[in-house]
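For reference, the structure discussed in these notes is given below.
Chain naming follows the written order as A, B and C, and within any one chain the residues start at number 1.
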Amino acid sequence: MENWRKHPLVFWAFSLPPSFWLIVFFFVPLTLVWGLSFSEKRGIIETELTFTLDNYLRGLEPIYLEILWKSILLAGGATLICLVVGYPVAFAIAFASERWKPWLLLLVILPFWINILIRTYALIAVFRSRGYVNFAYEDLWTAANWLVGLVGLSLGERFVPLSLLYNNVAVVAGIVYAFFPFMVLPLYANIEKLDRSFMEASLDLGAGHWRTFFSVVFPLTWQGALSGIVIVFIPALGAFFIPDLLGGTDSQMIGNVIERQFKSANDWPFGAALSFLLMYATFFALALRALVAGRRGAGALDA
Amino acid sequence: MAGLKSLLGLSRDESIGPLDYGRRWWMRLIVGLTFLFLYAPIVVLIAYSFNDSRRNIVWLGFTTDWYVKAFNNDSLLTAFANSLTIALVNTVFSVILGTLTALLLWRFRFPGRPVYEGAVALPIVIPEICMGVAMMAFFAWIGWPNDLPWPISLTNIIIAHVAFSFPFVAVIVRARLAGFNRELEDAAKDLGATEWRTLIDIVVPYLRPGLIAGALIAFTLSLDDFVITFFTAGPDTITLPVKIFSMVRFSVTPEVNAASTVLIVITVITTVIAMRLQNINKPG
Amino acid sequence: MSDSRSDAIIQIQGVTKRFGEVTAVERVDLDIRAGEFFALLGPSGCGKTTLLRMLAGFEQPSDGRILIGGQDMTGVQPNHRPVNMVFQSYAVFPHMTVFDNVAYGLKVVGTARGEIRPRVEEALAMVQLEDYGSRKPDQLSGGQRQRVALARALVKRPKVLLLDEPLSALDAKLREAMQLELVRLQHSVGITFVIVTHDQDEALSMADRIAVMQDGHVRQVADPQTLYEYPSGRFVADFIGKMNLFEGRVAASDATALAVEVEGLGRIELPPDGQAPGAGQPVGIAVRPEKVELFRKAPPEGSVARRGTVAQVAYYGDVSYVFLDLEDGPSLNATVQNADRAAEPYFTKGETLWAAWNPNDFLVLGE
């Protein structure tokens, strides 16, 4: 690496175009929204910067506070499921034979490259009352009904399909479906580089597999878990079309409110404040992760 | 039967060591169910794009009618053309800007370098909806006209796509640069090459797999993007994902499945090629 | 036979381990006696580590069985075996203090709290780390980390302590000190030690008995001196120490005489050996370099003596290796003690000398 002063012309040739783009088409828009979050609405789309905190305070009204809380619950629940399922999956991949490993990894990564919207739509088709989950359930129900019928009992008059869609459970399932690969990859990376002899030593000293997991494996791989939590939780918190397509009337998340403020309610300052609440949460999560990852000195782009 | 048993980890032919987690039946069950959860919906979606029934519910027979129908749907075709145009232009800009960023961070020490690194990574990490509304507000603020002729009308979407795509390209190109032997550069200069010639003759050829991988990633990111486009697009600049979104909201017909399948096939192929090139990138 | 069984703490019976197509350990039978310091010695890939890992329970034998303290260990998980291991990488848990590392094996089996502290302190004292309990592993040197690994295993009071290449990560000086330390420790705790090593000096200097392994087979089990002076075959002879090996053919073999026709050395008369192959059979005969004496004048009667030219002298301080080209072709290595610093002149390149040795020092090696 050399000092930029040695070749100032080359330096500017390299740095100006991306910097221009980044500043004008990313930081200016963000700053604009930040400014909006302290503005007051004057007419249909006119706003005035008055450095008011009203927009943020409005976010603390019970109705929005409840949505905020629900967003955290849904996103948090989905993140937890990703973590709990992600660990065994990451384990299985890390301990798979060399022949299987790349294929299992590919299978985990591939859905990530399929459009998230299409995947959400695909989920609708299997979850709805006339979808495959209910078909399988109906077959089971019919078979079970025939079995109990043999002893003169009945499970009921007729099959009642499960309501798998348009509720909070569907939203959580949708988030898990969308972001699961984000959890597995950092977990896998951390388990893969964990020295196996730590686990062997723990077993050798008399600990069982669960004890080994909680006393040795988790403490030595939790940075991967934290990375996974951050990169699942942040986008999950800002999700808006997943609750829109899979949720019911009470499955509104903060993303839906933001979208409404910008797309239909036209209260941009309030939408801006809510979207910056998300940004602050993001910065907090990233700072936390950076703090924990600590003095490893890796730049953001090396991550 | 023996093969099935061994696949399920129930075979006792080979002794399972205490750390052979990948060979325990309950681990395989979890992994199997996870993959079922991840893939069954996609497989069903693709299968039903060939189903000879309007109502996506039971299988009535094989047909390619829905593809024919989708290709005769003007608004779907327009959306597809928009998506491809945006993705292609986005790829060109993103590769140039991303490569410059990667070279800059690889080559120079300058004040504020860590901050710059963080700033470039920011579009990757912030929630998409925040970026979406920021872009929407920005174009409203500068008074972006809604009645521009095609393809100029797509410029605002392209601008937004480049803003989040080029940092990804920068990451990929930088990973490739990490394996570059700087003595090659010095050798070229020692032999009398100028800065510019060294870049073109030595660095860029070495970067080629990284550049192609970066280009494919930028292409896929743009083609796949829904959230940011949703906030940036005007009524006449619909892209394929946005079109699919509105189709899904109105009615679910196998036409959507057909359009989705086309998008899946394009992105999966592009990505697999990009990942293969990424693997070439890795040293050793 | 029954005697050796009764005091055997480990009985390895017909154990084979296959990894897919590769056979790492093949039909090994081995008894390890209670209280001995036992070494598994061999080049890398000989199966010694696999054998050790089967004792610890990290691998299950594909065939055969292992008994520890008379109990069949087939299917017994590592956490239920009465053995503990010191890992090559030490595997000292980096997120726990030294004290917690040593206490871990007691905590996980529910040892009473009041008992843990004194036992951990005792174990730390045993490895001279009394004052390091609150340190984290990254504040320790490699040698100290190894002591933690030792204390952590010994605190469990195992029937057998398994050590996987315990000294390979230490520098030469520390390694020598640790060799003595390990022997001292083994004597004081009286626990059976089984050590895996590829370093013959380590095995010879520490172990009571050594099993030399090659290609998954045990080639010889013996005490160090027997192993060195009476290797059972070519592999052991060549692997342990330095050796001059010549190819020959048995000329005469009966109860009273043994003679071998050796290429380049001619006919050599050896003491009679009941186990030597019959006449006409190909054999190797070997002699250790330190058993070869060099003379400027004619050597004494009764020894085997040949003339040769010094091709090279390698000086090592305490000894020098003199490489001779014998008149009839083969080359010979002789070790010379540099006992007298005033001894002049040293052997020099190109000089013609007599090399002589006692016929009793010859080893006859079959196939």
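One rule holds for everything that comes next: a contact is a pair of C-beta atoms (placed from the backbone, for glycine too) under 8 Å apart; a residue touches a chain by one contact, two chains touch by 3 or more.
All figures in this text were calculated on a predicted structure; none of them were measured in a lab.
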item	value
Between B-C and A-C, the pair with more C-beta contacts	A-C
Furthest chain, CA centroid comparison against subunit A	C
Centre distance in Å when subunit A and subunit B are each reduced to the mean of their C-alpha atoms	17
CA centroid of subunit B to CA centroid of subunit C, Å	58
Touching two or more other chains - residue numbers and ranges from subunit B	18-19
Sites on subunit A at which at least two other chains make contact	200, 203
Residues of subunit C touching at least two other chains	57-58, 77-78
Of all residues in subunit B, those that touch subunit C in their complex	14-19
Parts of subunit B lying in touch with subunit A, wherever the complex brings them together	18-22, 27-28, 30-31, 34-35, 37-42, 44-45, 48, 56-57, 96-98, 100-101, 103-110, 114, 117-123, 125-131, 133-138, 140-141, 159-160, 162-163, 166-167, 170-171, 174, 195, 220, 224, 226-227, 230-231, 241, 244-245, 248-249, 252, 256, 260, 263-264, 267-268, 271, 275
Residues on subunit A engaged by subunit C in the complex (per definition of touch)	195, 197-198, 200-208, 211, 215-216, 219-220
Partner subunit B, residues of subunit C touching it in the complex	57-62, 77-78
Touching residues (chain side subunit C, partner subunit A) in the complex	56-58, 77-80, 83-85, 87-89, 91, 93-95, 104-105, 108-109, 149, 152-153, 156
